[in-house]
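Below, chain A partners chain B and then partners chain C, in two separate complexes.
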Partner chain A sequence: MRSVIPAGVKARFRLPARLVGMFGAALMIASIFLSWSYGHDVLDDVGYYGAPSPLQLFFGLLALITLGLLAIPLVGKERLGQWAHVLAWNTTAKTAAIWSLAMAAVMVAAIAIGLGGLVNVDPGGWLAMIGGVITLVATLFLPDSPEPTLYLVKSPQWLQILAIVALMAVVLFGAAYVLGFDDAGGFLTFITFIVGVAMILQKFGVFGWVGIAAANNNRVLVLSAFAVAFAFPFTQDGSDANMSIASQVLIFAGTALGLNIVVGLVGLLDLGYIAFLGAGAFTAAILSGSAFSTVDWTPPFWLTVLISGTVASVLGLVIGAPTLRVSGDYLAIVTLAFGEIFRITMNNLDGNDGPNLTNGSNGIPGIPDLVIGGFDFGEAHVILGVDIGRFANYYWLMLVVVAIIIAVFMNLNYSRIGRGWVAIREDELAAEAMGVNTFALKLLAFAGGAFLAGIVGSVKAHYDVSVTPDQYVFLESAFLLAAVVLGGMGTVTGVLIGATILKLLPEKLRFFSEYRLLLFGLLMVIMMRFRPEGIIADKRRKLEFHDDDELAEEVEQDLKTHHRHLNPEPKGWDL
Partner chain B sequence: MTQAISGSGHQVDASTVLLGAQDVTMRFGGLTAVNNVSLTVHPSEIVGLIGPNGAGKTTFFNCLTGLYRPTSGEVRFNGELLPPKPREVVRRGMARTFQNIRLFHNMTALENVMVGMYSRTKTNAIDAVFRLPRHRREEVAGTARAKELLAFVGLSKAADSLSRNLPYGDQRRLEIARALATEPKLLLLDEPTAGMNPQETRQAEELIFRIRDLGLAVLVIEHDMRFIFNLCDRVCCLVRGEVLVEGPGEVVQNDPRVIEAYIGSSQDDDDQFESPQDAPRDSTEAGEGDA
Partner chain C sequence: MDYFLQQVINGLSLGSLYALIAVGYTVVYGIVQLINFAHGEIFMIGAFGSYATWMIMGQPTDWSPAMSVLVMLPAMLIGGIVASVTVALLTERFAYRPLRNAPRLAPLITAIGVSVFLQEFVRLFYGAIPGFPDAKRAIPYPAVQGISGVNVPLGGVTIQMSSVFTLAALGVCTVLLWYFVNRSKTGRAMVATSQDPDTARLMGINVDKVIMVAFAVGAALAAVAGVAHGLRYGNIDFRMGFLAGLKAFTAAVLGGIGNISGAVVGGLVLGVTEALATSFIPGQFGSSAWKDVWAFVLLILVLVFRPQGLLGAKVVDRA
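Take a look at the complex of A and B:
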């Protein structure tokens, strides 16, 4: 954020600004002990004096962080030692003030909308807003801190692992808590809180350090992430509503990861990708033994998965072989058309216009639940005293499928094949001139991505119980593409985040789902303007992520001298 | 056949022909960009290709490397007719760099070099997905070889930086390393010193000699006359798509027609003027090859 206040003014007013900011933060903390709303039917009931609700406590926490960021530097630069300049105190205080005010504003807005008018906002709400504004204005007068250099600080491995595990635990409980809201106001308030804390940690330099720690302990990170994902159903206490959303998110994310090979790695714009998911789903449905399936043979599920994947990848080859000779916009249009052809074909394979394979637009309903090794996915089980329902069963199955897809994606990405793909994306002609078989590699990407989508489709068929052609319309392809672009092309984490956002928001925010096309369109435009590389950028850079110690040290040294160069004297905050 | 002797006293085996282009003609509609050009390159020989802008040098390169299919004429490599497919050309042992650097910008220098090894490795999707021995073997060997090549061109320290972040001269050298990774017998360099300062040019010259000492033949397009006559065993001058003169450096250097082609052939080519001393010049030769 560029500063509007001249450096000279900041230098003069820095002490009063800090004190005024602390006063504002104290007002915000005080406000949580007051009533915020006249009525009690909004947020998680913020209408009591002296008894803060959980959301008010979260707001208080944010205000307390702001107060701390402003107060701790008062002990003096000497006492803080290296912490005075490896952490960005002043800049972070400003960020904390912004997000505290944002959270107060969201809560006040939720009260006003929920109860019908600003008159319903009690003194507490106003006090919080006033405190927020005071703090924000005051922090604008603080001198800017240099970029934090916490990531250069050496730390023992146990601390790094502990930080990762703690972060994952926080993610688990955060996710469980955020899904617990069934009103839009509370949901948005908590999301604001989470984003605010994330931004504060980012500005403070903590994420830089966590990034290094995560890269140094990659296995720990991956394992704990899956442990957290695996443990998620236990936080839901047998409730199916959230598990249903979570399974849908995983199905969507798994498909998007397959698309990510084609779009993110090879750079081919495929607008008909949903056809491959549909091909897998229809194949699995036909082989499921449903009363409406048109083939009598019911192979074991592992075989169905392989057949579904194969059918989808054969379709990928059939679509790819002729279309991959064109590129760019032309490819997008041709794949879009093939996606529609798939849907219309499925509609017409009803026995009138061809063989009866799909029952036409009725599709194949009544697909039985999976039974694998005696484990019936349709039944609830009690594990560790928690009810694990049907959706949680499929959630776990999808978790395994997504884990496999991620492994395939990563292994391909960091291999001869993946390098060839990215080379095609970067410069197809140069790739060909360096001996890369571009056509075969593009075809492989198409077939491979289709295979993964087919696998997901085979689970989706059982999860959805019925498979109909109208589930596989162009709009779904567009959403998949949006998830990839929003999250970050070519990345795994980014696509997982993108898929989660695109599935979760319409489920939790009723008004969002009514205008979702409009809002997603707006979101994409904003992303393209401000962060075209997506939420997580694919840098293919191993600079910081190198396990070669000698090189790491060298790089570190480089970075240090670089920073010295930028800031001749590490000046840190000024008091 | 005579024995050509380069300035450094290097012996060229002129009895075998590595690359033989015979009457190559390339027409784009009514424009004849390359007209009946014949050129031979012998093993371990450095051959220069000079000529004013628009003479058809890069187009001729594209004909040799399979990017264009010549309208007529044939290109033989090691006596074998070359198919007009870039990746088949690479497989047979011919690699090139580009006039306007065409690196894979969002890949690291190491990855760029490893892409060059694509045609010499066999890891397939199954090997990669299941991390089978062949993948691991080729990955280890390939990484080591790529580091060697980076060290050879003097880029050891840049292995893990994105190629787009490299300085201009380093990008040129990385492109050479990437081409060397394809294990070529003949290296085609399209203006390897374009946009370089005199010091970088000397480094490039020294690098090309070292490449020749590895046993590779080099065919190089260049405008820097001092560079080309220092370097080359033989020089061929193209003008308007045709061979004007071909022979040892001294012969070409003193040929009045070459001097005329560069200095006196048209009025509006000040920017094409190349003095042997030092040459302020555009780094790209706009339009050529796309004509």
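Take a look at the complex of A and C:
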């Protein structure tokens, strides 16, 4: 971000600016001991003097971080030594001020909307806003920090592992806490807090270091991530509402990860991907032994899973074989048309317009819960004193499925096949010239992606209890694509984040459900315009979207410094 | 035989609707190689724009047939054209133009976003205009005296006046478009740009302007189709652009994408195929519930056996 204040002014006023900023931050901290709202029915009650509520405490924490970022550099450049330039103190202080103010603003807005007017905001709320504005203005006068180079600092492995584990623990409790909010105001406030902290860590250089640590301890990262995901139901104390959301997120994420192979790795735009999920779900429903299923054969579930995946991938072959030859844009429309064909066909196979296979628009209801090896997924169990209900059971099953999909994805990504895919994505002609069998690889991606969606579909059928054609409309395909694009094409973490955002936000923010699709459309356009590589950017992908040499050099530099442990002090900068 | 003829005529009138929309896909694709996924929504906006014009005129329902056809209908057409051209130019300027040199995937995803956005925008805010009906459900389209509900018996077959209007509209638009492309300076600039944008630029052609003209021409024809759709089916709906757009794209591919006469031929062939499939395929699969499926099957067959389309434009091979 370019700043409007000249560097000379910044250098001269940096000390007063720092002191004024600290004063503002202190005001914000003081504000949490005052009442923020006249009424008590909003933000879990922020209307007491001398007794901060949890949300106020989180705000205080953000303000305290701001204060610390401003105060610590006071000890001087010399005494901080390398930490003075390894961490981006000033820039981060500005970020912290922005997010503190944002959080205060969200809370004040929530009070005003929740209780009807700004009249209901008590002195505490106003003090927080004033403190935030003072801090923000003051930090604008601080000199810019050099780019943080914390990732170059050598650190012992135990520290890296500890950091990863701690991060995962924070993710677990943060997720549990987020889901605990019933009111939109509190939810949004806490989300602002989380995003603020994340932005601060990012600017400060911590994420850069964590990234290196994670790359060095990949196995620890993956294992702890799954441990956290596995432990999640225990934090919910038997609450079905949140586990149902969590399972839906996993189903959605699993499907999006499958699509990620097709779109993110190979660059084939599939707009009918939901049809493969639907094919899997219908197959599983028909073979489920429901009273409404049209086939009398009920194979064991592992076989159903395989059949569902196979049916989906055969459809993938049927649709892919003709269209993958005429590469490019046609595929998008043909898959879109295929998605429609699938939905119409499922609607028509009702015994009236065609043979009866799916009961038409009524679909197949009454699908029994899964029983695998005597374990009934429909029944609640008590494990370690915590009620584990039906949704938690399916959550764990989906976790296994998602783990398998991620494993497939990662292994393919770094294999010969994966490299061929990426080559096709970047330049199909060049790939072909280099001896990549483009048609076969594209077909493999298409059918493989369909197989994975079919597997997820077979679980989804049992989870949803009923399968109807109108669950598999084009809009769902668009949402899947949005999850992939929003999170970051070709990345696992990005797609998981994208899927979580797209499923979680509408659940928690019911009040905007009417405008959900409008915002969704706008978001896609804005994303493509300003950050086409998504939230988590795949490096290669980033290069592809931003066609400039500077970035190319930066990435190259990045790759080089990866193996270098030098930390040179930048020239000509002020703290 | 009469039955067959009747079906062919039904197909032709349906096909002219597709053809009018398909031209928009083909013109834009020919110049910027972009599948303007939101083109179906431009068609929908045209229909809603014409309806808005009718509302502004004071919802005339009892005008004489002559007045209706000579004053009301042209006014509605112009209103629809203004609405869709404006929206099309706005999307071009703010959504597509910044992405002109981006990888192929980006504008396609943008187009999906635009499409969803426009649908929702109409759904949520059309009814917010004072006096306008809520667009969350289908809105009955105004009857134009002399066209709506009038049937003309012709030998053994009956032709609806709305079909005559659609066919006539296609005829007039095709002639005008042919004249514009082949005789006017701007039209020739369009052809030049589609053949080689870089050289065209070197020859002093303002490529940005040509692209805007392409979007505008497509949008204008789509608006005409929107009015025709309203007259034919008697109601309009914020979702109507999705399937129509998909069919029109099929028509454009069928004729050879990038080829204007191909789009017209493709639209007519698709319409007739649909009409004949629902009447002559025996058994359950011939019911009208399957007609969209047959249209898309046709698309896939064309891509297998003749990817360059019936009239064979240049072979498109861009990833």
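Simple rule for what comes next: the second predicted complex is superposed on the first by the 539 of 575 C-alpha atoms of A that agree within 3 Å, B and C clash if a C-alpha of one lies under 4 Å from a C-alpha of the other, contacts with A are read in each partner's own complex, and residues count from 1 in each chain.
Methods note: a contact is a pair of C-beta atoms (placed from the backbone, for glycine too) under 8 Å apart; a residue touches a chain by one contact, two chains touch by 3 or more.
Quantities reported herein were computed from a predicted structural model and do not represent experimental measurements.
In the superposition on chain A, A:I32 makes contact with neither chain B nor chain C.
In the superposition on chain A, A:E432 makes contact with chain B only, not with chain C.
In the superposition on chain A, A:F474 makes contact with chain C only, not with chain B.
Contacts of A:E340 after superposition: chain C is touched, whereas chain B is not reached. After overlaying the two complexes on the shared chain, residue contacts for A:V408 are found with chain B alone; chain C is out of touch. Contact with neither chain B nor chain C is seen for A:I261 once the two complexes are overlaid on the shared chain. In the superposition on chain A, the chain among chain B and chain C reaching more residues of chain A is C.
Judged by the touch definition given at the top, the superposed model places A:V326 against chain C, while chain B stays out of reach.
Look at A:V422: by the touch rule set out above, it reaches chain B but stays clear of chain C. Residues 427, 429 of chain A touch chain B in one complex and chain C in the other. Interface residues of chain A facing chain C in the complex, by the touch rule stated above, are 263, 267, 269, 271, 319, 322-323, 325-330, 332-334, 336-338, 340-341, 344-345, 347-348, 352-355, 424, 427-429, 474-475, 478, 481, 485, 514-515, 517-518, 520-525, 527-529, 532, 544-545, 547.
Those residues of chain A that touch chain B in the shared complex are 407-408, 411-412, 415-420, 422-423, 426-427, 429-438, 444, 448, 538-543, 546, 551, 554-555.
Across the complex, chain C meets chain A through its residues 33, 35, 37, 95, 98-99, 101-110, 112-121, 124, 242-243, 246, 249-250, 253, 284-285, 287, 289-290, 292-293, 296-297, 299-300, 303-304, 307, 316-319. Note for the complex: chain B touches chain A at residues 65, 67, 86-87, 90-91, 95-96, 98, 102-108, 111, 114-121, 123-125, 127-131, 135, 138-139, 142, 157, 160-162, 178-179, 182.
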